[in-house]
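Two complexes are shown next, each including subunit A; its partner changes from subunit B in the first to subunit C in the second.
So, the complex of A and B:
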């Protein structure tokens, strides 16, 4: 088990390294930063001085090591738009975004999993068809269309909620529902198929054959096994949620990380974009690491398999 | 010998009813997709005006039925550009980008999948590492970062969207090619001295094509959603060119005054992704149930 955890941690660090290097390579491959930042009329001496000041005249590997050193110390450069450290600019947006994503994730789980389990247990019934139909629609309608639809319905026609901005809990409702429904649809589809897969296993048939009541078969045998499969998709869900936040924040002008990313990309504020990229990567890696560890804990077969083989 | 009755093996009437409805839904979906394809092909003939032509006298004109005139049957936007003309051209551009991107993703993914299956060892580990990385990062964020670093051009944009979803093809191709490599026909062809090129493209490819087509169909809606999402944010297809997401993005400033600008493109995106998803699910159930 210790080895299993160690390998997972090593892989997580390796992935962070890949993302950090990716940002460096892409940044350098996109052209000379000095020429990109300075106007074309800048005299050659000034460009040279700029290069020297920012260490751009050093060999590439020296720049890379310096860059790594800076990243480790949390120094990710300055935002070009307001001159503050990129990490501060990004840091103050993180709690604002979490105000949307955390309740949306809970909504995902609370709607998606019960709906999927219900659909699987009542396979091919009218309820199953209905749940799956809603799920397909929910997952093919883009979140920004859903968001605009909600604004039109619940902010314009029926003025119950504000159409955008932040401040009161009223502002949170529509974005959270928009974010939550799309994810719930994906989760419902997945939990249904995970549950159906488990229900078709021989051990379920064995349990019912020996006379265990169906309710206990479901809660005692089917659900725990389906839960392990559903756990694997939570990492994907978090990724989806982050991508969805970018669009939904833009629709509702919510001042979070997503809006910051869009504005920074449009104005090519590279330091901030890079910082957001690293924050997202760190989030995804932490999520996947947690899932892997939970997975090892929940599924004794996997634990034995790993420690037995390695 | 136990007796089996016909109603135990034949589908129940309930199942038949479900199937009947499903067939109707698939029929509607296919019809819609064909319609979109025709619109994309004959866009030039369907558009009553040039999609970028301004008509400043008739800005934000209402569509027919909401007090509009036949001059702009679907209304006009904030610069007086005809919504019908823009919609038709947008459908063409969005579908073109989606097809091109799907093709790029499929070619890249299938190639890498074959490489992983053929060389194994560290090549396979490297490719699988990339697959894991790609699958774990939300692609929209990666795409936005690349657009920020490189600036936007149509070519880069299409290539970037093509990178979305390559990992699915790579994963599927690798698994299928590895199992094909164990099969008698592949061993026979290899013993006869066929080159790897010939082996993979002429012999293995046709045998796994159906699964790859299903994968493609299932990946297509994601591509459309990604393209329209980025264009909606104003970071995808750049004006004066237009796409469906673009229309929704620019139309949202007139959400209350002129909702017709964004309602139709939103509807087209949603119905198209929905139709392809339905067809994809149906194809998967028909051809290959192992994909999910």
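So, the complex of A and C:
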């Protein structure tokens, strides 16, 4: 088991390295920050001075080695836009984004999983059809369309909530519901199919045949097996807590990490973009690792496979 | 001298068995049991009586209704299945009984084991916990007592090192061992009837014999009735006292096991026997029954076997099939026009 975790950690660092390198190359290949940040009228000497100041005049590989060296020492660079450390600029946006994504995730789980289980248990009933109809709408309509519709309905036509910005809890409601519905729809469909798959297994009929009451068959025999499949999609959602809100934040002008990413990419604020990507990669990798460990807890077959092999 | 005495004893014992046989108390009574899935009939009126301690074999091709009979009796079919008729256990009607009552019957009075033991056990629960679940449901034991009893049961079904194996998961057992666990789980509720639905089909041949021997031994020890569902005529005739042959949702022949090979009456039973390869004697072409089981949705009128039968006559298609006894032997009955017409004159031919 210790070896299993060690291998996973090594792999995680490798992944982060790849992400960092990729971001570095792509950002520099796609445009000159000096031209994006400075106005077109800036004199040529000033542009040169800017390049020199940020080390952009050195060959790419020199910049890369310097950057890697800095990253390893915990220095993620400075924002070109406001001169502060990139990690500070990014760090102060994380809680703002979590204010949207954490309640949205809870909403996802609380609506999506019960709805999916209900639909599976009442398969082909009116309730099942209704849940699945809503779910199909929920995950085929893109979040920004849903967001705009909500703004139109509940901010413009019925002025119950502000159309954007942050400040009071009123501002949170529409973006959280927008994020929550899409996620809940995905989870509902996934939980339903996972549950149906399990309910069709011979051990479910065998449990009934030995006299286990149906409610206990569902909770004690079906759910623990279905949970293994549902965990995958939940892990994906948790991994998206930090970065999955670029569109919704833009629609609602929410000052979180997503908005920062859009602005920073547009202005080629290299250090900030790289810092955001690093944070995103780290959360994804951490959740994946956690999910992998949870799999072992839920599924004895996997647990043994791991301890047996290593 | 001793020899003669022993023979006398054996004769007396067999006489007593003969005497007791028919008089055993009827435990389960199934009458006119019909099952239809989405309006397509699968079971077309099953009548059978099971006595306490009896062993009954049910044979037939897949889809003939041998498993469905018992799944329907225990209310284990999906909502899509429409079940009619009557299933009485010690006088009590089970069909459409409330779920709370059925939960007591299932496992407690009628237990069932299945074809593929590896997938009939829940992969995420320890086998000990799965046995203990039955013990707590049907015998109201607390955890400690149940643990000890589960150990004893694993011992009884021949799993070595039972105490330690209670903590193992199904994937850590072989197929044969999993079937032993299933049997232990079935025994946990001290049922009156054990339904074994093709218990050895998914197992290796060498393991098959062990599991069958275990079933026979356990039946002897506990005195419960055993219903063995199989498509293997040899297995069934060896383990069971009585054999029922099913075809197209009907019972087409009911025969004491010792007459099955010597005096089969129904052309379908004869066909099944002819399709068995023989170990001794010259090599010869295996005889297969021509044709396939008719599609349940497009079932022929009259005798369901008629389209494949080499003794088919015109009347076969108009006949409402019914079991009739052979040569006055009430234990041997068949549903065939020829069987009934061959009977001595004076008896009424089923019309």
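In this text, the second predicted complex is superposed on the first by the 260 of 310 C-alpha atoms of A that agree within 3 Å, B and C clash if a C-alpha of one lies under 4 Å from a C-alpha of the other, contacts with A are read in each partner's own complex, and residues count from 1 in each chain.
As a working rule, a residue touches a chain if its C-beta (ideal position, glycine included) is under 8 Å from a C-beta of that chain, and two chains touch if they have at least 3 such contacts.
Note that this is a predicted model, so its numbers are computed, not measured.
Chemist: Who does A:225 touch here: subunit B (first), subunit C (second), both, or neither?
Modeler: In the superposition, A:225 touches subunit C alone.
Chemist: Scan A:73 for contacts with subunit B and subunit C and give back first, second, both or neither.
Modeler: neither
Chemist: With both structures fitted on chain A, tell me whether subunit B or subunit C touches more of subunit A's residues.
Modeler: So, of the two partners, B touches more residues of subunit A.
Chemist: Counting only touches as set out at the top, which of subunit B and subunit C does A:284 meet: first, second, both, neither?
Modeler: first
Chemist: Subunit A touches which residues of subunit B in the complex?
Modeler: Going by the criterion above, the answer is residues 14-15, 18, 21, 132-133, 135-142, 144-151, 221, 225, 228-229, 232-235, 245, 248-249, 252, 255-256, 259, 262, 266, 269-270, 273-274, 277-278, 281, 292.
Chemist: Flag every residue of subunit A that touches subunit C in the complex, lowest number first.
Modeler: Spelled out, the residues of subunit A in touch with subunit C are 201-203, 205-214, 220-221, 224-225, 228, 298-301, 304.
Chemist: Note which residues of subunit A are touching subunit B in the complex, please.
Modeler: Listed in rising order, the residues of subunit A that touch subunit B are 15, 18-19, 23, 26-27, 29-30, 124, 129, 136-137, 139-145, 148-149, 151-152, 156, 193, 235-236, 239-240, 242-243, 246-247, 250-251, 261-262, 264-266, 268-270, 273-274, 276-277, 280-281, 284-285, 288.
Chemist: What residues on subunit C touch subunit A, complex-wise?
Modeler: So the residues of subunit C touching subunit A come out as 71, 74, 76, 99-100, 103-108, 111-112, 114, 116, 119-125, 133-134, 137-138, 169, 171-172, 182, 185-186, 188-189.
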